[in-house]
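You will see chain A twice below: alongside chain B first, and alongside chain C after that.
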Partner chain A sequence: MDILQVVFSGLLVGMVYALLGLGVVLVFKASEAFNFAVGEFLVVGAFLFFILFFDLRFPLLIALPAGLLAAGCFGALVEKLTIQPLLGRNPISMTIITLGLASLLRASVQLVFGAHSYPFVIDLPDITLELGDMLFLSEQLWASILSGLAFGLVILFLFKTRWGVAIRATSESQAKAMAYGINARVILLVVWALSGICIAIAGIMISNFGSLTYLTAMVGFRAIPVVLVGGMDSIGGALVGGLIVGLCEAFVGAYLEPMGLIGFKNIAPYILLLIVLLVRPYGLFGTIRIERV
Partner chain B sequence: MKTRSHIFIGILTAAITVLAPPTWGREIKVLSQFPMSGPVGTLPEFGMGYIDGMNWINSEGGGVNGKKITFFLEDFRYDPTVEVANFNKYCAEHSREEFLMATGYITGGLKPLIEKVNVEEKIPWLDGSYSTEIFGVEGGPSKYPYYYSLGATYGDQIKVLMKWIKENHKVSGKPRVAMVYSPTAWGKDGLPEGLDYANKLGLEVVAQIEYPYTATDATNESMALRKAKAQYVIYHGYSGATSHTAIFFKTAKKVLKDVQLMGTHYTTGRFPILVCQESYDGYVGVATRPFVDAVPRSQTPMTNPMVKMAHEFAKKYRPNDYAEEGKIKDMFLYMEGLTYALILQEALTRADKAGNLTREGIKKALDEMVWDFKGLFDGKKFDYRFHTVPMVQVFKAQVKMQKVGGKEVPTGAVKPITDWLNVNEIKW
Partner chain C sequence: MLLRVENLRVVYHDVISVLHGVSLGVDEGELLVIIGANGAGKTTLLRTICGMIDFYDGKVVEGDVKLEGHSIRSLHTTEILKKHRLTFVMEDRPVFWYLTVEENLLAAAHARWDNQVAQDMEEVYGYFPVLKRLREKRAGLASGGEQQMLAIGMSLMTKPRVLLLDEPSLGLAPLVTEELFQIIGRLNREKEVTVVLVEQNANAALGIGDRGYVMETGRVVLEGKASELLENEDVREFYLGSGEKERKSYRDARRYKRRKRWL
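And then the complex of A and B:
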């Protein structure tokens, strides 16, 4: 029974990580830039929802979509101001920009919201599941359900809509997509907005486990092993990577930490990442690139 | 004749000015350091209370028998290295005759400063650390003569909780106790003493779990506690203001339905009511200060003189911060800053009255101090012979969610369920 509890707990949290990873993969696929400000996006997204739901006291059914819309607009704004001017340049420049962006956003969040913890309890129906010795808490089940739902909707959007086709085409080759009349600038704007929404959902769910502070951004680091294990440019890889990282944390937390390796579950995904990269340098599902030198 | 008289008086005045004892005209300097930012949260209230207290002391509060205190305040960001570096800097910049006292706030800073404070500088150092290692039986004045703690040690706090369990256990069988502690010097401090005492009382310690600061999930820990069939869980070595505490309480309350959640000083108070909300209801904790700051604040009882003083100060000097949505989230922190200012004034004044306003004179004044701390312990006095303020009280949290503007918000307070206890007088 113990092992089942660990497995399912890992998968539940892993689903949230997968959504976080998806936010990073979308941007990488479209612009080949790694968004190092993922943690700060997570906090900003969660705070935007916080303002609507807890401060302005809108009902959840209004606050959630409105908050996510705001997070999407925030993602688009960031793209417009910082990424778009670099279009056509080396993707490394964009990646470096996100590093600076992370610092700027972290400081801005502290300036506006301070650095203390904000209570974060969303009154969702209690769906806590108790099966014999196993127990799955309502917050984690909701997090997993909503993350899975969001993941599914993004895939539907990408594969079943004209916008999705345009995004995928731009991800394949910006130049070719533009040759076919696709406005790559607008597509990038949409991708960053979509990424902002995915990351914000993950942020809201993670904050609902405990509370929200600027330090919640630390969770963003978990996106790194997720996307590198799964493959930087693979949407399916983000899902698998998220679940693997969730499982890895759960197993280490349940079996290794009690042996005195406290905090080891925070570094275990990175060790796993190193092992995966040694065997498959582009991740489990990443595209193998052959470059002429 | 007149001219000669003038010359004589002039020479005499000049001689007095030049040869006067160094106490004349020298400043009284003190340094205080608080963790106002960093991993335990952002706690500017420490500084607010301290500054307001010091400004009041220097203006209306009588100073040090009329003399003003030059005070320095530093945020060491919960980083012992910063705390040590700041102290070294002030030691280098200010003379021993002027720089008379210092205060700090964590055990991590005390340890590297043992030699510097107790052997080299010999400066009275008051600290927020409740370290059993430094202030308990194995440490204390004989080993660290210049270190003073402003509260009972963690060992004593855990022992008080164990005693409470023993006295209040209503179910048949031995009480089954579990410890959840942070993987820090702070979290591990006092555990051996507490566990030994639990054994002495006949309590069964069924689990000891280290729970990391970086946690995003406490299911494993809570399930382990459930499996161990713990009836009492003591959560020790954490700030009540942080996300990991909220995660633990939210999870534990659901997983461990009939378990009494308990904790030491820093998990008791107002902040956890705000952050953990309903999951904090029923919590029993020990604290070294009157933690009676209610939510909403207007419900706070003003029977304790120091609590009343702190609230009046905050209301007067920082009305916007004092308001419910203001920057003062927890009046304990504000009061803590204020009490530091007041005890510094008290020690300096006593030394000055004794005609020995030096580091040694202040140490003597502290060692001999018997004081009610301006009513902090509801009129009870303590003595500082063991270099700790040995007063503790047990509190219980009462939290209710109430609808305000269509939303559920937490209301309530931690309320005392025992009198103030002097740990030096308890027959363990």
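And then the complex of A and C:
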């Protein structure tokens, strides 16, 4: 098998994982809590888009922004109801809350949409690419392009706008930010909304590979190796972690699975995670603490 | 009186009582110094005034904080900063380590964003020329003195009318402290900022202050003109270490004894 084909396929999927990781890293930096409900955010975001696009039949150019806006509002609402009352308290409590939230949301989605799978095909223009004997499927290319675009926009927002500066300041210390008049409550709402949007884009793109069920949430667990490999508090780390996990999956899928290890692709990222954590406990790109001497 | 603290009682985590009825007043344009030992409640007092006490799980059980006659006790920090232009500079050099010096100043201007920001930043660089050199550097890599100057520069970006400074001299060399206090004095005179300065370095602080309060275990035990406090025998003994009496052992200086004499 052509190794280049494997590499590029891995990178294409990795871009989507990177965006998923970004959603988790943003929240972790600002709230100091790991959002274990990432998979459920993903499913809820995808279903919000599903309703607008497939049920209500809005055109894509309206359905996509509206769906993402709804996903953002959902993220903000979750923050308002569950995280905000704990502002200034132990981040572990918030992390535990996201665990409970995950169960609640999973059950709710199942209750509302049932357990069967919904066909999910967005008819984007066909941009399937054939290069020599390499083949890249249209939906993979679209997923990668849109995820990369979203990732870039979030980076621009964080590093070039005054809101971005305020978000990064609040992420470093809520108390200091409050003392200088940055409204930490509003900033956290914005961060969770942003995170909700990132995860929803990833969710829509992943659903577009096939179908959408409440079990799509399992993909959310892929965010754990992504952010831990890259470093929990590193935005660049989310990008690199996502690409590495994508590559890892592609390689294992192409070279190890044909040897009879069916499904090994799905656990390979976690084995990789273990190895990285043994070597570098803070992840590859975890913040190098500023040490003053 | 611009700022009035009336009989303030503050409790942390519902059980730890820190302030037991503190009352004090700050006049417009003055530089007020509050000195006191560790655990006297100075930081808690400032946190309560600026509305951050909730964040630390503290509660105002009794009393009120009034700015120009309006109660600000139940307002959020952001509202107090925006509407009443009162800014709190926390202790231990409150700068954002992973942001550059310039981004730090921008972050502090976030709440009052307008088209004057660039102009105000130049003014801050005017007061603290050292910051201009460091503008692209991460604040965490600056020295302690530079960080403290940045912190005060950041508070200026919020356009304060009242500035609460919590131990700006913490961990700084005496010469740096002196420079810093000179700038604080200049801000007070030139920009007519009312300053409440909480300090351990009683000598330097009372040197630039107009008036002072001495706090002990959650109470105000002494007040007066800064120059009078500098002459006061008890203050000299316990804060300046140069009392007339012969040096006493630590046991004699235990708090309850001092309080008995002062109250």
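In this section, the second predicted complex is superposed on the first by the 286 of 293 C-alpha atoms of A that agree within 3 Å, B and C clash if a C-alpha of one lies under 4 Å from a C-alpha of the other, contacts with A are read in each partner's own complex, and residues count from 1 in each chain.
Here is the rule we go by: a contact is a pair of C-beta atoms (placed from the backbone, for glycine too) under 8 Å apart; a residue touches a chain by one contact, two chains touch by 3 or more.
Being a predicted model, the structure only gives us computed values, none of them experimental.
When the two structures are aligned on the shared chain, A:Arg162 is found in touch with chain C, with no touch to chain B. Judged by the touch definition given at the top, the superposed model places A:Gly210 against chain B, while chain C stays out of reach.
Of the two partner chains placed by superposition, only chain B is touched by A:Gly263; chain C is not. Once the two complexes are overlaid on the shared chain, A:Gly21 sits clear of chain B and of chain C alike. More chain A residues lie in contact with B than with the other chain of the pair chain B and chain C.
Contacts of A:Gly45 after superposition: neither chain B nor chain C is touched. Shared-chain residue A:Leu135: touches chain B; no touch with chain C. Of the two partner chains placed by the overlay, only chain C lies in contact with A:Met178; chain B stays clear of it. Within chain A, not a single residue is touched by chain B in the first complex and by chain C in the second. Residues of chain A that touch chain B in their complex: 5-6, 9, 13, 54, 57, 114-121, 123, 128, 133, 135, 137-140, 206, 209-213, 215-216, 218-219, 249-250, 253-254, 257-258, 262-263, 265-266.
Those residues of chain C that touch chain A in the shared complex are 50, 52, 54-57, 76-78, 81-82, 87-90, 94-99, 103-104, 106-113, 138, 140-141, 144, 154-155, 157-158.
Residue ranges on chain A touching chain C, taken from their complex, read 87-89, 162-163, 165-166, 168-169, 172-183, 287, 290, 292. Touching chain A in their complex are the following residues of chain B: 37, 39, 41-43, 183, 209-210, 212-214, 216-217, 219-220, 223-224, 226-227, 241-247, 250-251, 254-255, 271, 274-278, 327, 329, 405-408, 410.
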